[in-house]
Each structure stands twice: as structure tokens, then as C-alpha cells.
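Order of writing sets the labels: A, B, C and D. Residues in every chain begin at 1.
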Amino acid sequence: MMTVSLIVFLIVALITLGSALMVVIARNLVHSALWLVLTLFGVAILFGLLQAGFLAVVQVVIYIGAISILIIFAIMLTRRIASDTGPRFNENWGWALGISLMMFAALVWVIVSWPGFHVQAQPLDARFEPVVELGKALVSPNGYVLPFELASVLLLAALIGAIVIAWERKPEGR
Amino acid sequence: MQTQDWLFVGIFIVLAPLFPLIALLIPRLIAPRKPNPIKLETYECGMETVGPAWVQFKVQYYIFALIFLVFDIEMVFLYPWAVSLNLLPFYAVVEGIIFVAILVAGLLYAWRNGALKWA
Amino acid sequence: MTDPINLIAEWLRGLLAGWGLSSGLVIFIMTLLGVVVTAAFVLLMDVFLVWVERKVVARFQDRLGPNRLGPFGLIQPLADVIKLLIKEDITPIGADRVVYNIAPILALATVLVLWSVIPLSPTVLGADINVGVLFIVAAGAIGTLGIIMAGWASNNKYALIGAFRMVAEIVAYEVPMVIALMVPVILARSMSIGEIVQRQTIWYIVLAPVAALVFLITAIAELGRAPFDLSEAESEIVAGFHIEYTGMKFGMFYAGELLHALTMGALFASFFLGGWRGPFAEQVPILGVFYLFLKAFFIYWVIMWVKYSLPRIRIDHLMEFSWKFLTPLILAVVMITALLDKLLGEPGTLIYTLGMLVANLIVVWITLTLLRTYFRLERKRVGEERPVAAPDLTPAARIERTS
Amino acid sequence: MIPLSYYLIFAAGLFSIGLFGVLARKNAIAILIGIELMLNAVNVNLVAFWRYRTPGMIAGQVFTVIVLAVAAAEVAVGLALFISIYRRRDTIAADQIDLMKW
């Protein structure tokens, strides 16, 4: 049972990283977005493996169902530059590659030298209901009620802002 | 019990694409295959295809997807709220109503600005 | 004896354990078998649906429908399948081959996956995950993506426009649908569909008729069936996003649509009509499956009834109906339900039931009054005399005057 | 079971790939996609730490949900900006949007 979950993890992680790489190097932007969907799905499966079922499902609903569709719509609206011509990288891509690799090496070094490296997961308490707990935490005054309401304000600001920016008002309103 | 349920769902997700895949592979073996350039043209009611398929879309599509995204996120916050509602005191309902009211203000803004009108 | 499915499952479990397999492996094999049996059953049902659809539409249109092959034309769908299988498969020029081929698979698979969380009977195996409701939404999200992929990869204007329209429609109706599903979640205090069915001693359609109606409307819109069939408005964009698909690939979209309709029926039954609940269902679990499918087919029939009776709605009306009517309405209903749930105490009591029902009726009445006022004003506005851009003289008279 | 470090290394990899996308891609939408990858890597870390270090508390999941909301808001406004820029300047290549340089 233990090795099975390890094998599943390795397969999913490799596919996810591979498709993340494809996201970055794909020439066609629509392909890039579709690879992004696969990456996000892989991350959702990892959430499932971490026994955060709610977050796994939410990841699919929000990222694949809404954000990637938004991205694809935006690509379609700005079609000319999404075509296959021209270089996809800017002239500094060598530097970028170096910085990213250094970043990765540094992160791995930090993780490896950290004493909690081989921590194993404790089994979850059977009575622990993440969704119920989440609901309680989001509205209780000594929990996260402020972030909860602020998220609403943030979304409102994003909605109004995006409409103001993207929407050309027609003269004959409403 | 929960783990076994997730196992069921996981196997289902892996197997579900296999059934249509098999159904699509059978025609490869038995269906005829005689392509010619006219047959492979994209279909445009019998006319010759004009221009690229990538026509210009209006920004309305983006606006609707945007409002959808905002309400989708709202749902992520409200579903846990709905599940644990009976365990919480009365103020939780009020907080939920405030949360929704703020978002409805956004919807009203879009409405007043004509962003909801498909024209 | 009353529960044959679990009897067989127990027997198999014993047999496998007898062969000396480890308990983990036995669980895995049993789950795998469960999945295969469920999926095969659903797919078989899908083939049967082709016959149902054709027969019922024929009856609505005063025809006979398939009646040649087998009794009542029951073997007709098999002939259809064979026809689809031996048709030539065409991939148009300029199509993105990989994406083009993945799209039909997604179309059917995402619908099939929904059946993993629908409780078929009190005991039949299946998954009862604690986020069932959201799982349905998630599967729908991936299905939407399949539509975009089909439209984009076909390299066809109509396909792309059809896909975009369809996605805009799904996106618009997903919002009220997701919010409507919040009502059963509040009533049942759980997101697992099994739990929601379990708690329905009184069907939720009594407690939440408005939410049920909104769910039905949005479900039809989500399916893209008439009167919401913008994506394949024949007179405008030929066939919509699957215009370039032939043979079995088209068959996948078709089968996906039919199965989706039945699935929506099963979901509606589970959320609002008590799922597998019915007389003696708890004593004889196999009856539960029967009740569930009875209810699911009833809703499926309602969906067909709507489809073959109503004309197509214009796209601007359709969008405004969702954003300006359904979404505010259902948000109000959810908030009222939450409020009343807190005020009325424990569910199951007479006061609770009556309170919910009366509240819903009041909401309906207020909505109707508002609509009536709005349309009265609108009629007045349209009926008013408006400035007409007509010349005060006819051209002939003008020439006469100038000359 | 899987040790915590596997998840952390996976997240580091995802983060670095996203970073490369942000730094190297020309198209503004591709840059935004790169940012999405980075945010996802952060989310993987948050959930992994929740599961392995504080499984009895809910804070990790709350933070993940908030990150989700912020990511959505960022994408919404970002893409709106690109659409607006595209309408005015007919390009969204990041190295050509340089009016602010002077």
C-alpha cells in the first residue's frame, strides 16, 4: 500500500513537471494553455494524495474550470501575437535559465539540509472533517473572518477593475 | 472508508477515458480510409473555405468568463460555510450574507455599466 | 437474498482472499471490478438511450420512430453503432491532430465519471466522497474544456464560434447551478451525495422548489439542448463545435450528450427527489437502483419534453436570463434558506418543512410580481409614440418644390 | 508513505519552471501563465506542510484557499490589462510595451 502511493506520486509528479516544462517552451500559446491544464490537474491529484480532497476538487473547479478558460479566451481575443511566428523567448533567456536553475539548486539545498527532511505523515484523525473545519475557521471571529470578508472585497475590486480596463463602454448604455 | 471511496473515484477517473478510447480505436481497424484533398477541406456549407478559422471575438466573452470566475471563487468560500452552518452561531449567517452582498455589488456594477448586455 | 449485488461481492471477496491474495490487493481488485461493472452498466444504458430518445421524439412529433429492427425497434441502436463504427474517419486539413482526437474522449469520459459519485442504492458499492457536489462541478469544468479543444482543433470557423458560444453559455449557467446546489447542501449539512440522499426523509423538492427549478433550467442549459442549443444553431453555425467530426468521434459527442442528460436526471433525482428512496428500498436495496433510474428517466423525459416543445432562445436573451434573473434569484434563495435553517431549528419537524415551503412560495410570488411590473413598464415603453425618422415630404413632392 | 521532502522538491521544481517562464517568455500571457505555475508550487508547499506538520489545524488549507482567490484576482486584472493594451498597441510582447521607459 505504501509503495503504491509512492509509485503514483512519482508518476504524477513526473508528468506534472514535464507538462509544466511544455507550458513554458510550447511555441503555440493555446498549446501552452492546454499543457497548463494538465499541470494543474496533476497538482490536483497531488492534493488528493495529501488527503486534501476539498482542495483537489477546488483546484480543478477554479483553475481548470475558470482560470484556464479565462486564459484561453484572452488568447483568442489577442490572436495576432499568439500565432506561431517569431521567437517565443526574449534575448535574455539564457540568463533566465541560469537564474531558474540556481533557484532550483538553492531550494533543493535548503530542503536537503533541513532536519525535517524525512518527516513521515501522521495518519489523519478520523473525526477530522476538513471541510467543516474550514467552514468554521472562515467565519469564527478568532479564526479567519477578516480574510474571508477581505477576499470578497478583493474579488469585487478585481471584478470592477477588470471591467473598467477591458470593457469599452458603448455610448447607448445599459 | 474515505480512502476506499477515493480509490474508487481514482480508478474511475483512470478507466473512464479508456472506454471511449477503445471505441475510437475500433474504426481504425475496420473503417475505410480513402482521403482526398476535397474531402479533407474544412466544411463551410459546400463553399470554398475563406480566410483563417481564427476569427475575431468580442470582449464580451472575456467579461462573462470574468464574472464567472469571481462567482466560482465565491463558491469555494461559501460551500464550507454551507456545510458547517448548523454548527455555527447566528452571526455566521450574517457574515455569509455580507460576503454575498459585496459580490452582488460587483454584479450590479457590471449590470449598470452594460457589461452584461450581449450586443 | 434481498441484496444480490453485495452477495456476489462478498462471495468474490471470500474467493479472492481464499487464493491467498493480500487484503490490499483484494480491495483493489474489488474496487476495480466495481468500477468496470458500473461503467459498463452506464454505457449499456447509453446505447439504450439512443432508442429512447428517437422513440420519444417520434411520439412528440406524431411519428412512429424506429420500429423495424426487433420488437419496438429495440435493436435499432445496435445498427446505429455499427454504422458509426464502419464510417470513414476524416481529420480536416489544418486540424491539430492530438487535441482533435482527445476532445471526443473527454466529452464522454467526463460524463461517465459523474456516475462514480451517484449513490445507486443504500448498499451498492460506489464512492461516497465528502465533496461529492463539488466533484460534479469539477467534472463539468473538464467537459467544458473538451468543448473548447474540439472547437479550436477543428480549424473551422463555425466550430470555433460554436465552441465559444457554448462555453459562454455553460459559464453563464454554471453560476446559478452551483449556487442552487448549495441549498441541498445547507439542508443536508453535508456535501456528500450519499448523505444528501440519506437525509431526505422529505424530498427536498418540497423544501426547496425554487432551487430545484433553477437546477433543472441550468441543467438543460449546461447540456446545450433546446431551447438553449446555441452551440448548434443549425441556421447560424451549422452544427457547432463538433461540425468536423465524423463517424465514431461524432458518436462520442452524441453519446456524451445523451448520457449527460440522463446523468442530470439522476443528479436531480438524488438532490431533490430522494435518489434511491422509495417504499422498501432500505430492506431490498436492489429496488433502490430501480427507483433511482425511474426518477432519472422521468426527469430525462421532462428534459426531452422541453427540448421538443420550445423554440431556440436568442443568445442575448439567454445570457441576460442567467445573469440578470437566475443568479440574483438563486442567491436570494440561498441566503433565505440559510437564515431560515438557523431560525427554524432541526430539520424534519413540521414547522421546518412548512417554513421552508412558505418562504419559497413567497419568493416565487415576489419574483412574479416584479416580473409583471417590469413587463408592464416595458410594454408601456414600447407602446409609446416614438419620433420617427421620416421625411416630412415625399421625394416626389420635394423635387416638385425645389424645381 | 511519501516523505515530505518529495513534495517540497516537486514544488521547488515547479516554482523554478514557472520562474523561467516569467523571465524568458516574450508574450505577456505566457508570463502570466508562468506566475500561475509559481503560485501552484506555493500551494503544493502549503498543503504538504499542513498534512505533515500540523494535520490537526486548518490554517494551511485556509491559506491555500486565500492564495487561490488572490491568484484568480491577479489573472482577471492581468488579462484585462493585456486585452486593453492589445487593443491600443496591437501587441502584447512584453519587450515592446515600453512606453514607460522614457
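What we mean here is this: a residue touches a chain if its C-beta (ideal position, glycine included) is under 8 Å from a C-beta of that chain, and two chains touch if they have at least 3 such contacts.
On a predicted model such as this, the values are computed, not experimentally measured, just so you know.
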item: Result of counting contacting C-beta pairs for A-B and B-D, higher pair; value: A-B
item: Chain closest to the assembly centre - both centres taken as Cα means; value: B
item: Where subunit B and subunit D are represented by their mean Cα positions, the distance between them in whole Å; value: 21
item: Distance between chain centroids, defined by C-alpha means - subunit C, subunit D (Å); value: 33
item: Averaged-CA centre spacing for the pair subunit B and subunit A, given as whole angstrom; value: 17
item: Between subunit C and subunit B, distance of the C-alpha-averaged centres to the nearest whole Å; value: 13
item: Per-residue overlap in subunit C, given as positions that touch at least 2 other chains; value: 129-130, 134-135, 164, 167, 171, 174, 191
item: Subunit A residues counted as touching two or more neighbouring chains; value: 53-54, 58, 61-62, 65-67, 69-70, 73-74, 76-77, 131, 133-134, 136, 138, 151, 155, 158-159, 162-163, 166, 168
item: Per-residue multi-chain contacts in subunit B, two or more chains; value: 6, 54, 57, 59, 61-62, 65-70, 72-73, 75-77, 79, 82-83, 85, 96, 110, 117, 119
item: All chain pairs that touch each other; value: A-B, A-C, A-D, B-C, B-D
item: Subunit B contact footprint on subunit D (complex, rising order); value: 65, 68-69, 72, 75-76, 79-80, 83
item: Of all residues in subunit B, those that touch subunit D in their complex; value: 59, 62, 66, 69-70, 72-73, 76-77
item: Of all residues in subunit C, those that touch subunit B in their complex; value: 27-28, 31-32, 34-36, 38-39, 43, 84-94, 101, 104-110, 112-113, 115-117, 125-130, 133-135, 154-161, 164, 167-168, 171-172, 174-175, 178-179, 182, 185-186, 189-191, 238, 243-244, 247-249, 251-252, 315-316, 319-320, 323-324, 327-328, 331, 334-335, 338-339, 341-342
item: Touching residues (chain side subunit C, partner subunit A) in the complex; value: 24, 99, 129-131, 134-135, 137-138, 140-142, 144-145, 148-149, 152, 164, 167, 171, 174, 191
item: Footprint of subunit B on subunit A - complex, ascending; value: 48, 53-54, 58, 61-62, 65-67, 69-70, 73-74, 76-77, 79, 131-136, 138-141, 145, 148-149, 151-153, 155-156, 158-160, 162-163, 166-170, 173-174
